[in-house]
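Next up: some structures, all given as structure tokens.
Two complexes follow with subunit A in common, the first pairing it with subunit B and the second with subunit C.
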Partner chain A sequence: MKVLNGKGWERNLKYLLILPSVVVLLAISIYPLVYSLYLSFHYWNMSRTSSMDGFVGLLNYISIIYDKDFFNALKNTVIFTVSAIPLEVGLGLLLATLVYRAPFSSIHKVILILPTVLPPIAVGVMGRLILSTEYGVVNYFLSLMGLPRVDWTGEPLWAMFSVILVDVWEWTPFCFLIWLAGLMGIPIQHYEAAEIDGASEGQIFRYIVLPQLKPIFLTILFFRVIDSLKLFDVVYILTGGGPGTSTETLSFYIYRVAFRHFNMGYAAALSWILAIMVTLTASFIYNLTYRGGE
Partner chain B sequence: MKKFSLRLVITTIILLVADAIALFPIYWTIITSFKLPAEIFRAIPTFIPEKPTLINYQLTMWPTSVNWERIRYELTSYITVVTEEGLKYILNSIIIASSTTLLSLMLGSMAAYAISRFRVGGRNLEIWILSNRAMPPIVLIIPYFIIMKNLRLLDTHLALILAYLTFNLPFAIWLMKGFFDEIPPALEEAAMIDGCSRFKAFLKIVLPVSKSGLLTTAIFTFIFSWNEFFFALILTTRNAVTVPVLDSKFISIMGSLYGEMAAAATVTMVPIILLALVVQRYLVRGLTLGAIRG
Partner chain C sequence: MRRLNLCSLILLVLLISLSIRASSIAPLAKKPFEGITIRVLMQSGHTAAGELHKEVFEKFTGAKVEIIGVPYGAMYQKIMTAFVTGAVDFDVVEYTYPWLASFAKYLEPLDDLYKGVHKTITKYAPPICNETGPGIWDPKDFLPLLLDLYCKAVGPDGKVHYYGVPEDGDVHILYYRTDLFEKAGLKPPSTWDEYIEIAKKLTDPKRGIYGTVLMLQRGYEGFLGHFIARFGAYGGKWFDEKMRPMINSTAAVKAVLNLVKVLPYCPPGVLSYTYTESMRDFIKGKAAMAESWVPDYYLLGNDPKISKIVGKVGYALMPAGPAGKVCPLVGGWALAIPKGLSPEKKRAAMAYILYATSRPATLRATLLKTTVDAPIPANYKDPRLLKAAPVVKVEVEAFKIGMGVPKIPEWPRLWDVLSAKIHELLTARVTDEATIKKALDEVALEWYKILKEAGYYKS
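Coming up: the complex of A and B.
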């Protein structure tokens, strides 16, 4: 009898186990998203009225086409993404191939993992401290070498460069780690076979290692592109989007519309456009990964 | 042999330079936090604090402990002195990060077990987890701000705990599913033949076996929550402020309060650095698994 009861209860076990997570995620994740979508079809300046104003249909979305600040932020985000990612991916691969054979590789691994796990906001503070124009240690090193001091966050081009620099410092270790895992995954026999066949080291890297690392490359690209398109924390601390709006990323611009101008409906519409852009890019890279795997 | 050792030297040099670049900004931030303003704002920076002081920690963590008579003499360069109750914020961070971690582990391991053993969800799950990862935080932050305001939950621990579950729970499900997949089902089946119910087998056999998986998941959800800035910036004002938000409070129109900023950043990152050193093995495993599988 007891066994039968147990079985009846067990039959639904899988649903009982998964139900709490589904309920929680419906409440905290799906509901806010639906609300946000609803909000994006309304006009609401929260600083003037305490409840949502009228339905405006697609007006918020149409306004984006005429929004110069949006396109400026889009341009900045794209410039940032296409500059930072090749550096991170390339430097990461270089470090991984070096650490792969180096003595004391576990010590290098411990040290090189740090920038990636640190709070991004602390990373931004670090950038601010060492890149300060008057008291920063980087400018001090430059002056020692007889080079002029740089106004790291005061001039538009340098400010963008600073954001990229800090991001490269923060995320190269992540790329390094994934590259390294990929290198470790290549069976040693492949190298040995190639060596016996008389392949040079360059040839081994080009024809044995690189092709096998392709899925790893796409994985790194997937995560770095997603995160770059969402960049906020470091910009907030390091440049505040400035000077002017020269380092304002999409996330930062939407933050400004929502929480400095309190234009909630429009901000919600902007945030959905950003979400669509990130999702499209991500699924594009994801599909590349799968096509490569077949 | 000669060629080999030359390469070893070059490899070692490059890696040591990389280690130095990774460590220097961290070191610089920590020593800046122990300097008085007079030393911070010196044309030729010092690489070891000449007169180490705890004043920056007193000002950011425990303002009631500050001896204001002394401070006027020591901090002559300040126009205003911002003080923050950092100790309270550390407590907030600990409460919020451990609550989300516990909830993610409980709900996540149940759901992950159902998915791993009964194949609930199938391939859609992967797509859903990935799109969750791709979703920019700002898309959720806007509706969260409004919903929490209406529920009068702004500036409470609960608001941030729920917000952090939105990304930690899917991540925990994903990571745990991978760990459960590695455990042979025969293990529970043996116990079930001995009269154990499946749920009991899950609690008494599967969970203890996957201890290291649970630990890896816990470490990551804790770090994600501890490091999170954007949600905390918007959803808190005074009572539930977390440590990363504290870091951002020392940037004013009159200039940056470098000493305080460095002290706050040090407090934000030191727990993560210690954690990274202690659980390095889990961290590397989680980062690579989370990325390669996720």
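Coming up: the complex of A and C.
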């Protein structure tokens, strides 16, 4: 071993092997990240000049405090997150319990997870077609029942509801899949022991299943919260942030500032605020999981 | 030996005659842009015209043309991002004139073209167009008013240059259902107040017919058209002489109010409508009126393959304001060349533009119902076009009285702010003038900040 370690090229081989990954990571992840931080301290109106105009210090960050549109987008993002995630997690658990207990075939399970594997843009387009006021299938069934057609994407409340509905449709299967994996990981002996001790089904679920699913719950929460805070595609396709700004989420607002206003420095500052929010939330959930694991 | 000599002589004669023949064919077979590919970036709704031009251009010049369609909503940011990052993957780009102020520094100035240099280039462009006869590109063909609006901008050197060639002249007019109007004993509305009354009278949700259909998706260009038609008619102006925003004027308040008041007579979901949904509802017979581009709804409304209202499409200028002012939105598209092309590509791209914007090619495109019609007055007088789309008769008049948008780099941002606010007012069905005024005051303040930041106010 000593002989091998003594050779310089062999000692450095490990660095050489990870070098390609590090270079790629630096080029496509670290560099843009550092550049965006640098950009966030500058003014750059891209529709006027093709390079940064000047250093403005913390001005972009201070401007966020006075930006009503930012707080509106933050409010919408929070409303969306606290509405969609409980539904996705709850429905996912319900589905997983049903599938775990009933003899569902692999085909059924694959069909159940289909919405999650679809590209988000396709999900948005399908949502738009399904919820179309005039030609959508949802309004068709409503009219068959004698109910009035709903302007799903044209009224603020319904528009937010539509975004939530489409997201729930897309991501419930993901939650279901993770829940199912968790359920399948509980040793059968735990159920048998509980049954021998005379526990009811409700008690088994409350005292055996739920505690063992806690890390699974936190894992689902971790992924879904991060994803919800970054929601963009469905909003872009389904409502375009409208009507007015009633479904404009943080990511969509950043896109608007960057690619419609071309105010790149401010958009970079907004992106960093979003990144900090996502990181803090993720760390909080991670810590909960870690403590739970202990 | 003698026999061999004779054979050699015959062979020699044959070879010489073949080489003479070959040399006489070669220039004919050689096409000027053989081996060159031109990528043309266009708005998705215009690609049908692009495909028509491609067919002829490829045949005559040997070039390969790729038409790339991009949805209108994504076009500005796509082109702008390509320019700024240097990742330009197109050789000809279609733009609508409000974007020109931002694009100018990335485009090839075409001043030489307008000074007569085009004559050396047109020889490469296809000389004929079967359906519409011969003709070459001539800058004098275009409506001078639009030539300046669509193509002139201040370049990086601080001087005004030509950067494009007009391709599609767009102006809003009023379309209406002649059968419904006749049955109700009505004439097309002459004022915006009358417009609301008529829309109300003709709305019959039980029969699935609404008074009018608009394109009210936030930020959409058609939405801008509806606003300008009212804003201009009520005497509105974008800025005062010191470039201070006048978007909170009484005219703007009345324009928004008129839009809010007409909402109950529009199909449900109209706040998310774009051109597609508006056109669909009109040609499917679900709306008694529509405001849109010339000659689209007339051509599509009279197409028996897709329309339920063939022979029932009427048209008129937009209604007027209280002082009798009619003010449709003047839109429009032009073709340009990005900077940095190789001389061969540039020449081929230029030839393509000259062909695609020439009188015969544009006439052909309009006659074949591509909805692209160049602002060429001679086309509007062509008997074939007048028969196929008599609606073009009002086009020149509409251009003359219409209103455009400010050609400043900040316009897309200003419109985004304005459209978001009007959309909020429409969504909340606000009819209180004071509330509308307050909302527009906020827009004016935001516009002022944006313009100040961009350096419009020196103090």
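In this text, the second predicted complex is superposed on the first by the 283 of 294 C-alpha atoms of A that agree within 3 Å, B and C clash if a C-alpha of one lies under 4 Å from a C-alpha of the other, contacts with A are read in each partner's own complex, and residues count from 1 in each chain.
One rule holds in what follows: a residue touches a chain if its C-beta (ideal position, glycine included) is under 8 Å from a C-beta of that chain, and two chains touch if they have at least 3 such contacts.
Model, not experiment: these values are computed from the prediction.
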item: Touching partner for A:W272 - first (subunit B), second (subunit C), both, neither; value: first
item: Touched partner set for A:F259, first subunit B, second subunit C, both or neither; value: both
item: Touching partner for A:I113 - first (subunit B), second (subunit C), both, neither; value: first
item: Subunit B versus subunit C as contact partner of A:R48, first or second or both or neither; value: second
item: First, second, both or neither for A:G241, with subunit B first and subunit C second; value: second
item: Subunit C versus subunit B, contacts on subunit A by residue; value: B
item: Partner chain in contact with A:S132 - subunit B first, subunit C second, else both or neither; value: both
item: A:G154 touches, of subunit B and subunit C: first, second, both or neither?; value: second
item: Touching both subunit B and subunit C, residues of subunit A; value: 46, 132, 134, 240, 259
item: Contact footprint of subunit A on subunit C as seen in their complex; value: 73, 76-77, 80-81, 83-84, 102, 105, 217-219, 267-272, 277, 281, 286, 409-410, 412-413, 416, 420-421, 423-424, 426-428, 453-454
item: Subunit B partner contacts - residues on subunit A that touch it in the complex; value: 3, 6, 9-10, 13-15, 17-18, 20-22, 24-25, 28-29, 32-33, 35-36, 39, 46, 94-95, 98-99, 101-103, 108-130, 132, 134-135, 137, 140, 169, 173-174, 177-178, 181, 216, 219-220, 223, 226, 229-230, 232-233, 236-237, 240, 250-251, 254-255, 258-259, 264, 267-268, 271-272, 274-275, 278-279, 282, 286
item: Residue ranges of subunit A touching subunit C (in the complex, touch as defined); value: 43, 45-48, 50, 132-134, 149, 151-156, 239-246, 256, 259-263
item: Parts of subunit B lying in touch with subunit A, wherever the complex brings them together; value: 8, 11-12, 14-15, 18-19, 21-26, 28-29, 32, 40-42, 44-45, 107-108, 110-111, 113-115, 117-118, 120-121, 130-147, 162-163, 165-166, 169-170, 173, 195, 197-199, 223, 226-227, 229-230, 233-234, 243-244, 247-248, 251, 256, 258, 261-262, 264-265, 268-269, 272-273, 275-277, 280, 283-284, 287-288, 291-292
